[in-house]
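This is the structure, below, for whatever I ask next.
First chain written, first letter: the chains are A, B, C and D, and each begins at residue 1.
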Amino acid sequence: MSEHVVPRRVYYAIFSTLIVLTGVTVAVSFVDLGPLNTLVAMTIACVKATFVVLYFMHARYGSRLIWVMLGAGVLWLVILIALTMGDYASRGW
Amino acid sequence: MSEAVSRVAHHFDDAAQQKDAATLGMWVFLVTEILFFGGLFLAYVVYRTSFPEAWVEASHELDVTLGGINTAVLILSSLTMALAVQAAQLGRRKGLIVFLALTILLGGTFLGIKAVEYHHKVVEHHVPGASFQFHGANARAVQIFFSIYFAMTGMHALHMVIGVGLLLNLMRQGLAGRFTPAWYTPVEMVGLYWHFVDIVWIFLFPLLYLVGRHG
Amino acid sequence: MTQPPAPDRHYLNVNYGVRSWLLTVDHKRIALLYLGSVTLFFMIGGIFAMLVRLELLTPEGDLMQAETYNKMFTMHGIAMVFFFLLPAIPAVLGNFLVPMMIGAKDLAFPRLNLLSWYLYMIGALFTIWAIVAGGVDTGWTFYTPYSTAWSNTNVVPVALGIFVAGFSSILTGLNFIVTIHKMRAPGLTWFRLPLFIWAHYATSIIMILGTPVLAITIVLVALERIFHFGFFDPALGGDPVLFQHFFWFYSHPAVYIMILPAMGVISELVACYSRKRIFGYSFVAFSSLAIALVGFLVWGHHMFVSGQSVYAALVFSILSFLVAIPSAVKVFNWTATLYKGRISFETPMLYVFGFIGLFTVGGLTGLFLAALGLDVHVHDTYFIVAHFHYIMVGGTIMAYLGGLHFWWPKISGRLYPEWWGRLSAGVIFVGFNLTFFPQFILGYLGMPRRYHVYPEEFQVLNVMSSAGASILGFGYLIPLVYMIWSMRYGKPAPANPWSAAGLEWTTPSPPPTENFPVTPVVTEEAYAYDLPARRLPEGTHV
Amino acid sequence: MLNNLPFFPPQASTSAAQVDALYFYLIGISGLMSLLIAGLLIGFAVRYRRRSRASRAGAVDGSMKLELIWTIIPFFVAMSIFVWGAGVFFHLSRPPDDAMNILVVGKRWMWKLQHLNGRREINELHVPLGRAVRLTMTSEDVIHSFYVPAFRVKADVLPGRYTSLWFEPTRPGRYHLFCAEYCGTRHSGMVGWVVVMQPEEFQTWLGGDARDVAPARAGERLFTNLGCATCHNPGSGARGPSLQGVFGSTIALKGGARASADESYLRESILDPQAKLVDGYEALMPTFRGLVGEEGLMQIIEYLKTLEPAAAQPGGTPQS
């Protein structure tokens, strides 16, 4: 009944990638990229989160349904932030 | 290996259906957690766009090294958690106990470092409310930053404490030999929860600690 | 379809005693636990409603003080919204029927289901304690900065009660989603599912994606009120309009949590009593999903005059018109189902007619509020009060009573007294319209909500409304009496008194604990009313 | 035009007629739809009741054509309502430039109003017939909402921010003023009257005895007492940006952004100077929060509106 067993070296590889990415995000934050800083920090965080979801949480081997659920959760967060910020951004017009 | 009795509840047809149901249920719960923390991220986005300078000033009050160490500690605990789940999957009871212990230890370390940071904030009067003091002109906006900082990291720490409690419970069950390769669902479910809490911190760290560091 | 041997053992008499009820994990018993607690809170909310209506008989505030009145309408709102309307159909009818309709033995997580009921009761006890300890006067919407800085009533205890009860809703939604995905009987594909299941699946999505945002809003309100963390209070630098975004992001989809299960019940009833397949099955099913999804994009129509930007108001207004379309499609499909059917007028069907009529009025008045220019005038007036009562009372409660009567034989194993049922449905319909239609006129005249005293020229309409409220209140007592009466003295019910289609009717009434001796295999479409086995010999009176 | 209809609010402003027209359009649509649905319900119920002999042949349980019809037609009807509603909303949210400005401060359970010549009123507002009036409103505590049903206008009054609404009265008389956002114990007591008078009557009333100093002059006195003039003077080398002709101008901010100096910007700059730093000036200005109340802020802003841009203003910001 055992599902897909992820070889250990994959876990170690993912772990080291995450540590490296953490270092990168800290380093990049000390470089002045103007508004890009936040964008880069968030992209790196999303990449790290995707790695954790795919390999540590076995989403890669799980069913399509899990991906739909996760996608819905993230999309709803985006809806919440986007429509609210829509109000804040357009107040000055 | 002891008889691989798979404990199937009466209302399920077979163990696979039960495991699928448990996994789907856990993921749906994690979606509610995404929306729960999402509210805090909304407050963060709204107030950062309203007070950009104050955000930079306030973020400089946080200790990047402690934050960075904590991030590494949490990522390491995710690794040990994943290895614990794998050990349970392969029936290596000793490995499961060791990795669970390591994850609990790392969780404790994270909470310890967090306690140090909170103490530092109390000493510096950065806790919002009556005791809040901040030189500089942006005191009101900086106080909002710290309101959001304590709400986010406090809620995250609360989830860590719950996670450590769940892990201790897993240790007790693991020592009693309840997990077999045919039935180790609780270990995997706590694993999913733990990885989620780690992902929340992966977003909290840059958003709170790394704002305009180049200034 | 052979009639399974009616075992004398069923879920009600399998064992007795308080422990067998308080520690049950049988979804049917948990549904009855919810039935009891939900009815209790309906009565509590109803008493507050009567006190509010009595006060409004006269323009002066002579029945009670201003703060008492403010606590009355606040507790009416909280008791009705969070402790009756949100759980009613999903937790009572949903818990009982979702497993039976899909041929499962129980929900996916029975213990989680019992935990949901306990969380609901803990939240309820918090709220009752807050009522006893002096009540709360912020309105069920607890807007800031009034709720966090100015009100000196029990805001945090009630907020905590709602926070805990919110998790009951989340766990129920989670249970339904997993059950519907993973535990359907063999052969029961998605498009053979009863529309009751589709409606509860859409409702569960809203429970999962919306309720957590209310939970975090309550945490932030508590942090701001107790520790002065500045989130929503301008004195601390926060923005009160941000609270309204947080609150309405959940609270508008919450009104779809209240109406979607009602629509599911109506789809079942209209098909059964027309002896005909539902018209446009897939359109009605997808309308439920469309309402659930688009329902999350429209919350800004609660804030057209609250300082929100003009352009954001435009976006929310156009989206609010889009969310009205699926509801209209459903009403047209129900009406079309009646065409060339064989309609009979038992009590549940009377509730169906009541529902379709009143929900249409409720929905159409929603268009008034979505129109920006009009909402400026009618926002926060009795026009809004009338609109949402037409949907909540005229819609959800009518469908809840209809569903309760329809499945009562299956739940209790007894038949309710038919003529009493029809009488009470009529009284409720008349009382309802007399109560709430005058409020539309009051609203356009400009009478604001939550007013303890009001100008004299509004008195005539308020007296009519209060008169209607007493008829409505009396109308609701009648079913309470005869339903309890029927538990002991009602005629024993056959397995399928209405010759309805649906797996839940293939088991004896009341069903055994495991619902089906052998898991059924589904071979036919949903609502297969024109199959010979289902055709009623002419002339038999049901 | 509809002023004698029973159970109907008086039409006393230019926008009342527009809102009512939209209201009757919607009543028409809803009436039609309700009759259609009710008619079909009752008709089918009678015609196809269980015992009736009507033929059931051709019973159908779905038709794509019908579904499309009753999706597309409601969609276009809904869009027509949306467009009309948005039109009225834009009319309601755009005050004419020549509107007469009146300052409103909402305070738990009363309305404090002040005309520009200094005349103060509590829970009463006298306005001249046929002249657009613009209210600049703020609250000293919780959210209130200024609502005059006869004019069909309403706007929330938010603490910590200015909101505004406008109307042009078309019919003399006394009309209800309500607070429409729940604000605590005596929320239902926070009511008053809007009195529409003939223009000449209004002028004599305005010049009446109980007259306070005009907000602009009171603002000037505050401007000097609080020491604003020490930094904000038109002379070159002043530490603060010159405020000559600042109201309505576009300010170049540090970091390249630009902001239009409306009442909210000026109020925020007095209470949170660091929120928007003017380009080329140091962040020296202390906050005046707590030193000046809501009315004082309004008076200072009225004073700033009276400052004309100096003739030869080197690099002065243009008057909008």
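A few comments on the model shown:
Simple rule for what comes next: contacts are C-beta pairs under 8 Å (C-beta built on N, C-alpha and C of every residue); 3 or more make two chains touch, one makes a residue touch a chain.
Everything numeric here is computed off the predicted structure, so don't read it as measured data.
If each chain is reduced to the average of its C-alpha atoms, the one that sits nearest the average of all protein C-alpha atoms is C.
The chain pair with more C-beta contacts between its two chains, of B-C and C-D, is C-D. Between chain C and chain D the centroid-to-centroid distance comes to 36 Å (mean Cα coordinates, whole Å). Chain A and chain D have Cα centroids lying 42 Å from one another.
Shared contact sites, meaning residues of chain C that touch two or more other chains, fall at 181, 209, 213, 239, 241-242, 245, 310. The residues of chain D never reach two or more other chains; the list is empty. Chain A has residues 65, 72-73, 76, 80, 84, 88 in contact with two or more other chains. The touch graph of the protein chains shown belongs to none of the named shapes. Contact between chains, using the touch rule, shows up for A-B, A-C, B-C, B-D, C-D. Partner chain C is touched in their complex by these residues of chain A: 65, 72-73, 76, 79-80, 83-84, 86-88, 90-91, 93. In the complex of the two chains, the chain C residues touching chain A come out as 181, 205, 209, 213, 241-242, 245, 249, 296-297, 299-300, 308-312, 315-316. Within the complex formed with chain A, the chain B residues making contact are 4, 6, 15-16, 19-20, 23-24, 27-28, 30-31, 34-35, 38-39, 41-42, 45-46, 49-50, 64, 68, 71-72, 75-76, 78-79, 81-83, 86, 89-90, 181-182, 191-192, 195-196, 198-199, 202-203, 205-207, 210, 212-215. Contact residues on chain B toward chain C in their complex (touch as defined above): 9-13, 17, 20-21, 24-25, 28-29, 31-33, 35-40, 42-43, 46, 50, 128-130, 140-141, 143-144, 147-148, 150-151, 155.
Residue ranges on chain C touching chain B, taken from their complex, read 99, 104-110, 112, 170, 174-175, 177-179, 181-183, 208-213, 215-217, 219-220, 223-224, 227-231, 236-239, 242, 245-246, 514, 519.
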